[in-house]
Amino acid sequence: MRLSKLFIVVSICLIGSGWAMTPAIAAGEKEAYKVGAVFSVTGRASFLGDPEKKTVEMVAEEINKAGGINGHPLEVIVYDDEGDATKCNLAVKKLITKDKVCAVMGPSVSGNSIAVIPVVEENEVPLVSCAASYKIVTNEETGKPFKWVFKTPQSDSLAVDSIYTHMKKKGISKIAILSDTTGYGASGREELVRMAKDFGLEIVADETYGPKDTDMMAQLTKIKGKAPQAVVNWSIGPTQVTILRNFKDLAMTGIIFYQSHGFGSRENIKLAAGAAEGVFCPLGACNIAELLPDTHPQKAVAMQYMNSYAAKYKEPLSSFGGHGWDALYLVVDALKAVGCDKAAIRDHIEKRKGFVGQHGVFNFSPDDHNGLGNDAFSMVVVKDGDWALAD
Amino acid sequence: MEQISLSGQLLQYLITGITIGSLYAMVAIGFNIIYDVTEIINFAQGEFVALGGLTMASLNVTLGIPLVFAFCGTVVFVTLIGLLMDRLAIRPIRQPSVVTLIIATIAVSFILRGAAMYFWGKDPYDLPPFSGRTPINILGGVIQPQYLWVIAFLVIVVVLLSFFFDRTIAGKAMRACADNTDAASLVGINVNRMVLMSFALSAAIGAVAGIIITPISLMEYDRGAMLAVKGFSAVILGGLGSFPGAILGGLILGLIESFGAGLISSGYKDAFALLVLLGVLFFKPSGILGNVEISKIKRF
Amino acid sequence: MGPEKDCILDIRDLVMRFGGLMALYRPDFVVMRGSITAIIGPNGAGKTTLFNVITGFLIPTEGLVLFNDKPITCLKPHQISRIGISRTFQTVEIFRNMTVLENVMLGFHGRMGSSFTASGLKAPWAVKKENLIKEKAEGILKFIGLSRKSNHAADSLPLGEQKILEVARALACEPALICLDEPAAGLNETESHVLSSLIRAIKEKGITVLLVEHDMKVVMDISDDILVLNHGQKIAQGPPDEIKSHPRVIEAYLGDE
Amino acid sequence: MLRYRKYPVLIVSLIIAFFPWVAAHVPAIDHYPDIMIFAGIYAIITIGLSLLMGYTGQISLGHAAFYGIGAYASAIFTSRYGWNPWLSMLLGTVLTSLIAIVVGGPALKLKGHYLAMATLAFGIIVFIIFNEEAGFTGGPDGMTGIPGLSIFGFKLNAERYYYLVWGIALLVFLFTTNIIQSSAGRALRAIHSSEAAAMAMGVNVPGCKIVVFAYSAGLASLAGSLYAHYMNFLNPSTFDIFFGIKLLIMISLGGIHYIWGAVIGAVIVTFLSYEWLHYFEELEILVYGLILLMITVFLPQGLAGIPEMIKNRFKAAP
């Protein structure tokens, strides 16, 4: 009695779930190229995943409107990992085994990207990560890149490099660093500490704060007591605005304030209500498209992206959406050349030179699966409530 | 730039600690009002704070309603949410236990957070400070005028609440409920109405806290969870159910965080606060100002 | 000193203070083995406090409790239960989430419960013990007359039976001394009559009974010895007939009314 | 409640055993076994938690920390010291149980909200340590290079891992059910109902509470190790307070007073959060909240309590 009941229930469940998920297949077209994406659309890292998702959906629409890829429509399947490593692992597996995608974009966060490397390596699927850590494209045991993994964002070391170079130019030698306790802040902090020696900089204070903290007066006061020449802050979200206000309140005049590239949204300048004046930060081309000279190689793609994003979503773009743009166009570029053949896509990307993206001109090689150089960032300064190129 | 002296630094930590502590204290008072009448720890208390800040931003900044009216409008709106919470989520529960009630209030906090994300999105919102951004310098420390507002509102809330509980019939009835629900209902107090009122009151206080903190720290939809944990800590630290305890607990928590971050390690500042809390729980379980006898007659 | 071997419980120089409140002040007395001893006194006389001290729920400020000539004041309640003193509570404290039989079976926990590992692995000796416990518990239920309800939920019983179940559970500890805290409170006349005969039957099994009771009819009916407390102090001790006419007892009761 | 129900256990075990085979033939759910691995890992935690919370009546919001300690112990012992994974798993479990005894000693003297706060505080402190001690744990970015498991030289792939996880879950289930059905389990339920009476009946109340706390912490640690060796990667956010709350949700959804419920709850919440609620995208958290509220209002005994509820309904009807 009990046995039969159980079986009935179980079979109903199985049938029911099978019914609900039968995909609708559009007939009469060339088979769609499926590209998967796992972004942190919600949760802790939604500042990354949300613009990335919006960007790839917009780009896919544009490509399909223009006739697809060699006549094949492009289907982008986006899953949300909510910043959770377990969910991310499952989503990537699902994309590979169930959706049978040609390539995977994302994940948005470094931790999650590192977490799924074993999965894509084992299943031999190309992954174009949208996260920054160098560990994503460097196997720490061999020092070489992982075979199937690429990434589009500049490594944090490039941003640190451009900040520290700028500091040297200004004759700064004593600095303080601030970071939040998220993965974004922690990996920036690691690079800041590691590279300071190479530039002959002395770190006199190294402070952190939580991503939801209401106030950083205590940390800044401590820094004020140490009297550094410059402060670098590496965080994301409202704290990077709050900290600017606190900085201004404490009248820490004479100290130059640097923000990470995570500050790259005009919304932040507005929210800082005047406290952002004179803040330096390294930004990729897509944030400052209109400031770039017409001769700049990225000017055209950056302007086009900026305008269509603003038109579609009625909000200013953040630099992170650009990573999604780069990832999708890289994959599309490969699909156009070799079709949906995973190994061929991988080989194509690895050999790709001079690919003009939102965050730089990519030159991939078997030893470099990021393909960006020091020119990927331009140093900008906040002037009269807007960006201006710094000298 | 002039160097800041050690005494100046200490003063600054004190100012920061008291300001943040006042915020925690306000959240803690909200916790206590509901706890006293219902023995529920309302994990959605932090959501009231976030809703307060966001609603105020919409009314004052987006719609351009003058400060005072927007303030009142916000408090009324969040109070209504508090009333709805009691009616729709808490009262229908038939078999309350600590776990069920924790789950229920967490469920409400999820719903409120989801709704806030739907209406306000994920971006932070700002509010202009009540009286400008020109900092005041005192003895080497810096005070934003808004900090004074935070402290002032804590005082106002405390004064109004003590007036309410000591001088008004409704307040006295609520206190009776807090002391002994059964006895209160025997002398003809409508306990259900008191529970409803407790939710309204603490929602209102949450809204005030959200409004006054937003000009300092901005506000976004998911700020509530962290504030709820901090408020809960303050409540337990001071002694569950004790109003002076809530204020003391909040201030102590704020000061530990601020001095801990400034003098020891900013990465571990939350851990210090929680370690002190654990120490108090282990050695004086009823909290600093809590009453052992009262905690015995409470069900949970 | 009387014959040592006949004294099961000896209370000496006991003082219990709660802050400024003196709850017990040297109510020295002894309980004879095999007797029924009742403690009476007006409300707040310290009867339940005395019980709590004897059973280890309270640690006295000063003084000693000797059980079979050994001091037990520093033992924990569960240890005291295991050496042979079990008790019931003034407010019914049955396990509401269990059946009647399970309530009684729990009484055997102290003496024959098995460890977590043995239970988890279903070790043969644990299974054997479990069966034995069940058999014994059923025996006790038969003795007190609750057999037919052994599989009922404990909180479905009427109050009278709940109180009797508590006595049964205390018997399951296989005590030498059983302390009953107001067993007749809230019972009607028939029920208290049943209770009186039950207490006598327990005495006949060779178990010493110590009880706190307000129902004078029950007390006078069954007790061998009565101790009268007022304000934490002993004001009289003796057989029922003597207590009935004791001037200080009458004064204490009337003065309290 | 106390009958030993062999057949349901057998049937459910068979269903779980054949599920991967069935799923492989139904395209719509062919990725479900992957999710079931995590469900199994969570079930191991919730079984222990159900014993602690549902039967003994002691609240813990801090089990995410024990789960994390187990995971990081496994990860650190294997990847930094090169120890055998199975040995690391065992050591991690013992270590976690010891920590639970040290923390549980003072904490379990507390009741209700105080105990909830103490365990919550412990959980947050451990989470902060995971984040801050980057030298050991890799910090917020996480740590890699955790080896997988192998038996007699056979590396456990996802399919074999499924059977390993659910096999362990079954053993844990049987062990825990045996405890509940014996005198030890009775003592735990007695503590839940009345600590005073339990003490008077010779139950060593503080001792029992600590043993159960340590047992459930050990199970959480075991689950953490299984997670670490399966994912080959760890980061702190897996073990934040939200996970502790999620565990609470699992056992209350399944039914806090039933070990069965713990397993059902773990499976359902895992599928809800990893699969079914995807359709709601941004509004997922709102839907989650609504489901939870419905359960607390309409099904206070959880899903496992439905049969009992129906039975009572029939009994109540004239």
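For clarity, chains are labelled A, B, C and D in written order, and residue numbers in each chain start from 1.
Here is the rule we go by: a residue touches a chain if its C-beta (ideal position, glycine included) is under 8 Å from a C-beta of that chain, and two chains touch if they have at least 3 such contacts.
What you see is a predicted model; the values in this text were computed from it and never measured.
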| item | value |
| --- | --- |
| Target subunit D, source subunit A, minimum contact steps | 1 |
| Given subunit B and subunit C, the chains that contact each of them | D |
| By mean Cα position, the chain sitting nearest the middle | D |
| Identity of the chain that, by mean CA position, is farthest from subunit B | C |
| Geometric centre distance via CA averages, subunit D-subunit C, whole Å | 41 |
| Approximate Å spacing (C-alpha centroids) for the pair subunit B, subunit D | 32 |
| Length of the line joining the C-alpha centres of subunit A and subunit C, rounded to whole Å | 72 |
| Euclidean distance of C-alpha centroids - subunit A vs subunit B, Å | 36 |
| Per-residue overlap in subunit A, given as positions that touch at least 2 other chains | 42, 181 |
| Multi-chain contact sites of subunit B, meaning residues that touch two or more partners | 117, 267, 270 |
| Chain-to-chain touches, reported pairwise for every pair that qualifies | A-B, A-D, B-D, C-D |
| In the complex with subunit D, residue positions of subunit A that touch it | 2-3, 6, 10, 14, 17-22, 41-42, 44, 79-80, 82-87, 89-90, 93-94, 97-98, 110-111, 114-115, 117-118, 133, 135, 140-141, 181-183, 185-187, 190 |
| Parts of subunit B lying in touch with subunit D, wherever the complex brings them together | 35, 41, 89, 92-95, 98-100, 102-104, 106-115, 117-118, 229, 232-233, 236, 240, 267-268, 270-271, 274-275, 277-278, 281-282, 285, 298, 300 |
| Subunit A - residues contacting subunit B, complex | 42, 46-47, 50, 181, 207-210, 212-215, 217-219, 221-222, 224-225, 227, 237-238, 241-242, 245, 249-255, 267, 271, 273-274 |
| Sites on subunit C touched by subunit D in the complex | 55-57, 76-78, 81-82, 86-87, 89, 93-98, 102, 105-116, 119-122, 126, 129-130, 133, 169-170, 172-173 |
| Subunit D residues within the subunit C interface of the complex | 2, 175-176, 178-179, 181-187, 189-190, 192-194, 196-205, 211, 215 |
